[in-house]
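My structure is below; once you've seen it, I'll send some questions.
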Amino acid sequence: MRMRIAVAGASGYVGGEVLRLALGHPEVEIGAVTAGESAGSPLGAHQPHLPALADRTIAETTPEQLAGHDVVFLALPHGRSAELAAQLSEDALVVDCGADHRLTDPAAWQRWYGGEHAGAWPYGLPELPGARDALRGSRRIAVPGCYPTAGTLAAFPAVAAGLVEPEISIVAFSGTSGAGKAAKPHLLGAEVMGSAGAYGVGGGHRHTPEIVQNLAAVSAASTVPVRVSFTPVLAPMPRGILAVASAPLAAHAVTEEQAREVYAKAYDAEPFVHLLPAGTQPQTKSVVGANAVQVQVAVDADAGRLVVTAAIDNLTKGTAGGAFQSVNLALGLDETVGLPTTGMHP
Amino acid sequence: MRMRIAVAGASGYVGGEVLRLALGHPEVEIGAVTAGESAGSPLGAHQPHLPALADRTIAETTPEQLAGHDVVFLALPHGRSAELAAQLSEDALVVDCGADHRLTDPAAWQRWYGGEHAGAWPYGLPELPGARDALRGSRRIAVPGCYPTAGTLAAFPAVAAGLVEPEISIVAFSGTSGAGKAAKPHLLGAEVMGSAGAYGVGGGHRHTPEIVQNLAAVSAASTVPVRVSFTPVLAPMPRGILAVASAPLAAHAVTEEQAREVYAKAYDAEPFVHLLPAGTQPQTKSVVGANAVQVQVAVDADAGRLVVTAAIDNLTKGTAGGAFQSVNLALGLDETVGLPTTGMHP
Amino acid sequence: MRMRIAVAGASGYVGGEVLRLALGHPEVEIGAVTAGESAGSPLGAHQPHLPALADRTIAETTPEQLAGHDVVFLALPHGRSAELAAQLSEDALVVDCGADHRLTDPAAWQRWYGGEHAGAWPYGLPELPGARDALRGSRRIAVPGCYPTAGTLAAFPAVAAGLVEPEISIVAFSGTSGAGKAAKPHLLGAEVMGSAGAYGVGGGHRHTPEIVQNLAAVSAASTVPVRVSFTPVLAPMPRGILAVASAPLAAHAVTEEQAREVYAKAYDAEPFVHLLPAGTQPQTKSVVGANAVQVQVAVDADAGRLVVTAAIDNLTKGTAGGAFQSVNLALGLDETVGLPTTGMHP
Amino acid sequence: MRMRIAVAGASGYVGGEVLRLALGHPEVEIGAVTAGESAGSPLGAHQPHLPALADRTIAETTPEQLAGHDVVFLALPHGRSAELAAQLSEDALVVDCGADHRLTDPAAWQRWYGGEHAGAWPYGLPELPGARDALRGSRRIAVPGCYPTAGTLAAFPAVAAGLVEPEISIVAFSGTSGAGKAAKPHLLGAEVMGSAGAYGVGGGHRHTPEIVQNLAAVSAASTVPVRVSFTPVLAPMPRGILAVASAPLAAHAVTEEQAREVYAKAYDAEPFVHLLPAGTQPQTKSVVGANAVQVQVAVDADAGRLVVTAAIDNLTKGTAGGAFQSVNLALGLDETVGLPTTGMHP
C-alpha cells in the first residue's frame, strides 16, 4: 500500500503542514504541489523548513494537475474547495481542509458562509462517536476546523454522558498561524507579540455552528437544544490551541472522579488523546507538531460547573494531522501510521 | 501637597512598577526602598529600567526603615504584609499590594489562605460602587488582585444591573509577570514562550473568592447567590490580562444596545475605563504600562449569553497603577494625578 | 513656550510613537494628524493605545493640513518627505523621521536610494560631537535611522579616541516594528515568533552608509578610511535594538579600564546614555519606551578586539524620542523636557 | 542492528531532546532514563511532550543503572560526565553531551573550566575535516557545544580555504533553552520575552576556546594563530541559534561567487547542511527540531569582509541530533538514520 498525494494550496501554512507530515509518513509519495499566486516558484521559497522538497516547482491549482493521485489534499479558502472537488475523480480520496463540506445543515451553511451549500462529507474527527464508520472506505473527507477539534474533544464526552447541561461555554486561545499566511496588519509580529485579544466575540466565529453540530449529535439531553458560547482569542504564539470548555453540572453530586471516569472511558483507547494525570494541565507546547490532544477535567463544586481543558496544535491534530488520521482510516491503513505523537518541547 | 513614599519589596515586579509610576507622579518623593534578600544591593541590579534610581541602596524591610513616610507600599508575600502593617504608624497611608486585607469574610480567608484573618481594609477598586467613599481619607488600602480587577470590571455592571443571572464564567489570559520574579522552572522563558496552559482549574485560584465578594456586593439578584467559575491561563507574554467574562442573559430580549448602555452608564465618567467603539476588541498591548482598562460588550443571542471582554496591564491598573489611583483618592488629590493612560504599542 | 505640532504619517508606528511622546511632553499641543490611505478614519482605529486621541479624525497629508504648526513631524517613506518638506514654511521646524536628509554625500544618496539628493539637514543625534551646535535654532532636522543611532553610539567614542582601527563590525538585533506597519508575509507573527534571521547581509542595508558617515566624521585615524560591516537581524520582539559593535584594538595594551574611561568621558554628561556598571549588560527590555541608551564596553584581549554593546528602543531613542530631543534643542528648550528615561520592565 | 540506549540527565532539556529523537530512530530501544533530583518521579512530569514515555520512572544516575546498554548519553553538568564515564564499560558507546571531553589542550581546560583535564574524545562534528574517521568505531564521543557547532560550520570552510584572515568575529543569537532548565531569575519568561541581551562579552564564554580549537585545526594560515571574538546574545525564543560570522577577506578580489563555491564544495555532499539559494537567509524557525543547518555566504566588498550566517536548533543539530549523527557513524549505521531534516514552521 502506497499512496501518491497531491497538495493544493502548498504554499500556505496548512499545505506546508500536510507536506511536513507527508515526509514522515511511510506510505506516502508526494506528487503534485500546487498553488495560486505562488505557482511557478520553487517550494523552498515558501516552505523553508522542508529541504527535501525545496527544489520542487509549484504548479497551478487545476483539476488536471491534481488528477492521477490517490489522495488530494485541498488547503484552500472556503468556496474554492467545493468548486474544485466537483471536478476531481470520484475514485480519488479528496480531503478538504477547508470549511466547504463540514456543515450538514444547508440553512446553517447559508447563514454562516452564504452561497450554495456543497453538501456534507464524512467528518474527519475519528474520536467522535460514529465518525470512524463513516470514514472507513470513504473517498471524501471534511477535515474539521481547528477550534471545533479542540472544543469538541474537550466537551463531547461530558455532553454525551449527560454530565452537564448542554449550555457549553468555550474560550479558546489560538496561535496566529490559525489565521493563515495572508499578510494582514493585525497579524504582524509587532502587533501580536506581547498581546492577547479576542475576536468574533458574541458568537460571530464561523466555527461556532460546527461545534454545535458536533455536540448536538451526541447530546444525552435529546430534547434540550445544545447551545455553545464560543470566544476565540488570538494568542502571542505561532501554533497551538488551548480550549477551556465549561458547562453547568447536570447534577450537584457529580464528583471529579466521576467526571474523570467519563473522560477515561471516552479516551483511554484513543491513540491520540491523552487524559493527563490529575494535578497536571495541558500545555500547547507539549503537543506542537504532534497529532496529539492533551485533556484535563475538573469539577468546580462552588460554581457548579465542569471545566475541561484541551490542548492541540492547530496545524497538526487541528488540521493536517487529523487529516492524515482520517486518510489512514479511509484507506484501510492503521489509523496511527506516520503520525507523530511526540511534541516539540521546549 | 507632596507625599514621601516607601516601597517594601522594591526588588520585585510589583515594587518595580510602583517605583516606575512614582517617578512619573508629580507629587511623589521616593524615600526608602526595601527588600528581604536583596537588601544591601543597588536598586539598579534589580530594576534595570529605572536609571534615575540605579544607585539607590536597598535597605532591609523593617518597621524602622518604613517609618517616617507619608505612604508605605507593601509588595510582599501574603501573610507578611499584615504582620508588618501592624507595626506601622496609624497616620501613615499603608497600601497593601498583597492579599492580606482584601477578603471581608474571615471564613473565606481561612479557607483560601489559612491562618488568622487580619481584617479587611478599604478596597482599592474605585470603579466599584461605594469604593470611592471608603477610600477617601483612609489610611489603609487593600489593592485588589490583578485577576479580580479585570474580572470585576468586566462583569460587575451586568451583575449590578441584573442583565445576567449571577452565574459568571471568567477565563483570563495573563502575562507571566503576574507570577512574580521568584525563579520557578515552569516560568522559564523556554517553557512559556510559544505555549499556553491553564492552572488552578476548577475553582482553585485564590482570586476566585475575591471576585465573588466584589460581584456579590453589587448583585441585583439579592436572593440568589453569586457563583463564579474562574479559570486563569498563563500566556506567553510578559504583561497583560485579557479577561473573557460571560453569563446567561437574565431575559431573552436583552440586546447588545441595551447591554452597551448599561456599560456606558457605568463607565462613561470613569477616567481609566474605556468602553471601546462597537466592532473593536480590547488588546492587552494597548494598555501595557497604562492605568487603563479596555472593555467591550457582546450579546450572543444564540447561546443566550452576555460576553464581556476586558484588557488591563496586570502590573499597572492591575496592581501598582490601581494602587496610586486609590492613594490619590485617599490623600484628597485628583484621582488621575500622575497616572498614564497611554499604552505601549506596538 | 508651547509648540503646536503636526504629525504626517500618524497611523504608522513612528507616527504613533511621536504622538505617544507628545502626550507626555509638557510643551506640546497636538494639532493636525495626517496620513495617506488612513485619512478620514479615527486615530483610535490605528493607535489603540492612545485613548486621549481616539476620536481625532485623520486628515490627508497635504501641505495645507500641515501649515500653521510650529513643528511638523514627517513619518513618511523615503522620497516623500523631501517632496513635502519643500512645500512647508521655512519658519516651521520640520522634522524628517525618514531618510531623505540624512546623507551628506549626493553620490552615497544616489547609490543607496537613487533619485535626486534632497540635501542634508542638521543630523539629530545630539550625542555626536558637534551635533548640538548644528541643531540649536535649526528649522530642519534629519532624524537618524534606528540602527545608525544604536551603532553610532556604540562605536563612535572608540573611533574618535583612536582606541580601535576603523574597521568596525556591527551586528544588530532589531524588533520587528522597525520594519513598519505595512503587512508583509515575512513579518507575520507566525513567522517571526520563535525565529531569528539576518537580512541585508554583506552590506546591503541602507543604514550602512549613514553609520559610515557618522564614524568617519569623528575618526581619529584621519588618513585611513572608516569601513563598517553591518548585519541587521530580525528578532522575535516588537521593539528594541541590541547592537554588538567590535573592532580591532589599535594597540595591544588597551585595557578594559582604559576603554571604559573613554566611554565614560563621552557619556557621563549625557542625560540619555547610561554606561552600565561593570559586569552588567544592556537589555533591550530595560529601555522599551524610553529615550535611553544602555552601553557596555569590553576588551577581548585574546582576540585583540574591543566589543561594545548598546541597547535602545528603535521607536523611542531610535526615532521619535531622539526626534523630540533634537526638537527641544532646536527650540531652545532643555534637551530633556518631556522625555522619559524610564523603561518598561518586565 | 538495534541499540539499547540509556540517558543520564533525562529530566533536562538535552535529555528530553535525546529521548524525542530516540523515539523516532528506528534502531533505538530506550532503556534506563536517569537523573539526579528528579529520580523517582515519572518522566511525564518532566517531559510532557513524550506521551509514549510518560509512565517511565526516572532512576538515579549511577554506573549500575547505566550499565548494560549499547549507548549511554550523558546530559550532565561539566565535571560530572568525566567522573561517571570513568566508571562505565569500555565496550559501551559513551556520548558526552557536556564539555568534559571537548578540549584537547589541558591548559585550555584548566583556564576555562578548572580542575583536572579528563582528556579529549573524538569530536562529534562529522562535517569537520577528519572528524568522521575519528568517529567511526569509536566508543567515546564528545558532543560539541551548541555555539561551536553553529560558529564552526559558519566559519571553517572559509578558514580552511584561506578565503579570510583568521581573525573571526562571531555574534550568535540563541534561544533560552541553551541555558538549561535550572530556574534562574534572568531566564524567566517575563525577563526574556521581548528582550535581547548579550552575555560573556569580551571573550568570556567557555565555548570560545572550542571554536578556536576547531578553526585552528583546519586553518590554511598555519603560521598565523586563529583568533576568535565570540559574543553570545540571549534571544526571546525557546530554541535556535543564528550565528553571524565574519572575517577580513584575505584578498581584495574575492567575489561572492568564489566564496559560494568554497562553501558549496564543503557542504554539497553533506546531508544535514544546506547552503541556501542566493538571496535567501537562514531562519532559525526553519530548522527547529531538525538535524539541519542552513548557511548563507555574502561578501561585503566595501567593508572587505566575508559574512556567513548559519542557523541551527541548539538542542537538535546543536546537541542531541548531532549526537545521534555521531552515534550512527560510531556504530557503522548510515549517518542519517532516524534523523529528521524537516523543521517546524511556522
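Should a chain be cited, it is by its letter among A, B, C and D, assigned in written order, with residues numbered from 1 in that chain.
To be clear about the criterion, contacts are C-beta pairs under 8 Å (C-beta built on N, C-alpha and C of every residue); 3 or more make two chains touch, one makes a residue touch a chain.
Source: prediction; values computed, not measured.
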If a chain touches subunit A and subunit B alike, it appears here: C, D
Relative to subunit B, chain with the most remote C-alpha centre: D
Cα-centroid distance, subunit A relative to subunit C, in whole angstrom: 45
Separation of subunit B from subunit C, taking each centre as the mean of its C-alpha atoms, in whole Å: 36
Subunit C, residues touching no fewer than two other chains: 13, 175, 177, 181, 188, 190-191, 193-194, 236-239, 283, 285-286, 288, 346
Complex interface listing, subunit D residues touching subunit C: 167, 169, 171, 173, 175, 188, 190-191, 193-199, 201-204, 208, 227-231, 233, 235-240, 242, 244, 246, 248, 256, 281-286, 288, 296, 298-305, 307, 309, 311, 346
Subunit A contact footprint on subunit C (complex, rising order): 13, 175-177, 179, 181-185, 187-194, 236-239
Interface residues, subunit C side, partner subunit B - complex: 13, 16, 20, 23-24, 42, 44-45, 47-52, 54, 177, 181, 193-194, 238-239, 274, 277, 280, 283, 285-290, 292, 294, 340-346
